[in-house]
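I have placed the structure first, in the form of structure tokens, so that the comments after it can refer back to it.
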Amino acid sequence: MTAYLTRVIRFSAAHRYYRTEWSDERNYAVFGACANPHGHGHNYTLEVMVAGVPDPATGFSVSLAQLDAVLRQEVITSLDHQNLNFAIPEFGDGGLIPTTENLVIWIWNRIATLLPARLVRLRLYEEPGLFVDYMGEPSPPDPDRPRFV
Amino acid sequence: MTAYLTRVIRFSAAHRYYRTEWSDERNYAVFGACANPHGHGHNYTLEVMVAGVPDPATGFSVSLAQLDAVLRQEVITSLDHQNLNFAIPEFGDGGLIPTTENLVIWIWNRIATLLPARLVRLRLYEEPGLFVDYMGEPSPPDPDRPRFV
Amino acid sequence: MTAYLTRVIRFSAAHRYYRTEWSDERNYAVFGACANPHGHGHNYTLEVMVAGVPDPATGFSVSLAQLDAVLRQEVITSLDHQNLNFAIPEFGDGGLIPTTENLVIWIWNRIATLLPARLVRLRLYEEPGLFVDYMGEPSPPDPDRPRFV
Amino acid sequence: MTAYLTRVIRFSAAHRYYRTEWSDERNYAVFGACANPHGHGHNYTLEVMVAGVPDPATGFSVSLAQLDAVLRQEVITSLDHQNLNFAIPEFGDGGLIPTTENLVIWIWNRIATLLPARLVRLRLYEEPGLFVDYMGEPSPPDPDRPRFV
Amino acid sequence: MTAYLTRVIRFSAAHRYYRTEWSDERNYAVFGACANPHGHGHNYTLEVMVAGVPDPATGFSVSLAQLDAVLRQEVITSLDHQNLNFAIPEFGDGGLIPTTENLVIWIWNRIATLLPARLVRLRLYEEPGLFVDYMGEPSPPDPDRPRFV
Amino acid sequence: MTAYLTRVIRFSAAHRYYRTEWSDERNYAVFGACANPHGHGHNYTLEVMVAGVPDPATGFSVSLAQLDAVLRQEVITSLDHQNLNFAIPEFGDGGLIPTTENLVIWIWNRIATLLPARLVRLRLYEEPGLFVDYMGEPSPPDPDRPRFV
């Protein structure tokens, strides 16, 4: 009787797509306006889905208070009102580009083991017209792993 | 050539999280403001996903008229403009707490066998920032069960 | 150079439309399902519009921190996770019915003089398909009063 | 480390549900107001989900520029500001009915092999209260196929 | 103590922008893709704002039941699942073009005198990115007319 | 028979609230996290309302093609994927702070005289929970100026 609870949070951040080891020409060819100097920004929306069996006494599949505390401390405090290229070492010069794909994977790696329930999916919206889902490293085929329809 | 059609409906209801066999202190420690006397309420949004193969003549994978009739009679009539703790016996004193998890499971059990097509997922929003998915009891591993990506 | 800043907040509450001095029949004739015993509830959304001239040094037309503090203390603390018929004396037995109209006027009267800028409009959504605007008591015709188009 | 990127696009189109080989009575019995002469229309929203592994240098799991180009040329140009019954041969007289199910399958068949990354799901909204998912022909059980939760 | 209540309704319709007395070239130059043969369509959203003073006994500024009845009979029945160029005589060949402007004015003229409260504004969305407000014929300056901010 | 048409556009930008002539302490006291180094960013939504009388032949109160061209050239090209503090001279060091108030006024001043119809209101969302309206410099009381209700 597993239920999949999703909490939705928001944060605002700046970022720039640029590889310092490439020429400006190559950066613009690959990243377009995302290579503009000084960056731009977004209101991100993050959906955090965790799995759990509702407790017979409380009806809760997860402690929302604990879930919210982890998200506040690990996601909001780290990313909200920040410039990702400067605030997150992995996205610094010569590192990973802070695309939506790389950012959602970064968040997964940061929170997966800290959450009070099993993390099953992150969905990160960069804007209403673009979002990325991540479900962790592919594990070997496991018939018990919940499947969506 | 299975298609997954989702119908979205809304209902408004009140509820309270409280166990009469517990002290007020314990209720507030576990349920927070949800334990306030006389309850509070929400505009719920329910997504009902059913699977079907489009009929070659009509293009329909399910009869929307029949689907809507079941949802109106079994969900809207039962829950809309109601206080869940009083209107639904399972959520009465000493019973289950009407959390989003327990409510989505209650809806599943009420409608799954009445729908004109196979029910594959319910998603229930309590508010825009919190929703719960339920896909029924886990069946034994079944490679034919549709999987989502 | 007046700007009109709007802050949007949310709260969840229960309410019931019922006059104890009327018969059940009359209550149902006037209020329909809103007269159901034990009430129902909504996720309310409140838009608070205030007028101000941006400060040349800060660019702020109002202190958001002060605005948010008043809204939290006077609106959220009073109404969120509450049953309006019991938590707000004006909406108790024999008093006003907690309709969207009466509730938005109640909020206006509670916060108008406490806000750090002139309150010009409240918009209260009971659900996405129904909202009520209130702009205070009609004052005598005042050509300086800002007009919207 | 597969990520699932979704692009959201919109188009507006007219359609009518009607089989010329049936009587008016039968058409209205099966299709209701969708059988009205001259059709009606919708603002469609299409979510296109593709799978890919983020490139270490660019952080992209797919070329958005190429993805957008295919969607513009194959979906927008074909369907936006069109009447589906006349603009799409498969939906002409005696053909398929342009239901949401048939339309999402038509789009899948048109774009799946043209996209710069593996197409894993299409979600087509006809209106906010009705949408259909399609994931392609069911393949034989494949434990490597990504599964959603 | 006037409150401004707004009801939101939806309908889906097809339309085409085309003047039969003009050449195809001129029609396409003026109307673009909206001149495509057989039309296209939209999910329209209509906001109907009426003014009223809350009744001391009921808290209602208008009878929602009566308001909804007029909207259902005069707007939904006339426009939903219709092709505006054929279903509405004013929008027929040689008549008015069913633009958002003309349609919102048509609705105003149809319902203004039938509503149970004074109509003060109609807002009609053709799509999320385009809407038109109409407030009736400009009356002579009237200092008592409510003003918005 | 004036209609008020609103076009909605979006752009993404970064900004920082900081006065170089102030100490870090004072900047943080006034601007909070908005003073963080390297800035953060938002998905802005801009609503542009213009007034016009529908043309009897075309039904248009304004040329949407011309309106969109001005918005693309003057707003999107200037602001989208930019850092406001660096891309807009008025928001550079020692200049105005790029708050929502100052930004909506900047846009008004840039486009008001270029639009193909009279600009009556700009509404700028910095995020779903905060927006600012601007209607231009207050003109002397003018009973003919349209009023909103």
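Each chain gets a letter, A, B, C, D, E and F, in the order it is written, and its residues are counted from 1.
What we mean here is this: contacts are C-beta pairs under 8 Å (C-beta built on N, C-alpha and C of every residue); 3 or more make two chains touch, one makes a residue touch a chain.
The structure presented is a predicted model; accordingly, all values stated were derived computationally and were not measured.
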Any chain in contact with chain B as well as chain D: A
Identified repeat of the B-D interface (over half of residue pairs identical), from A-F, B-C or A-B: A-B
Farthest chain relative to chain B (centres taken as mean CA coordinates): F
Label of the chain whose CA centroid is most distant from the centroid of chain D: C
Rotational angle, Cα trace of chain E fitted to chain F, multiple of 5°: 120
Inter-chain centre distance, chain A versus chain C - centres from mean C-alpha coordinates, in Å: 35
Chain A-chain D separation of Cα centroids, rounded to whole Å: 27
Inter-centroid spacing, chain E versus chain D (mean Cα positions, whole Å): 30
Residues of chain B engaged with two or more neighbouring chains: 4, 49, 128, 146-148
Each pair of chains that touches, named by its two labels: A-B, A-D, A-F, B-C, B-D, C-E, C-F, D-E, E-F
Touch list for chain B against partner chain A, complex: 4, 17, 19, 30-32, 49, 51, 96-102, 104-105, 120-121, 128-135, 137-138, 141, 145-148
Contacting residues of chain E [partner chain C, same complex]: 1-9, 49, 54, 56-61, 64-65, 143-144, 146-149
Chain C-touching residues of chain B, taken from the complex the two chains share: 10, 12-15, 33-34, 36-43, 80-83, 85-87, 127-128
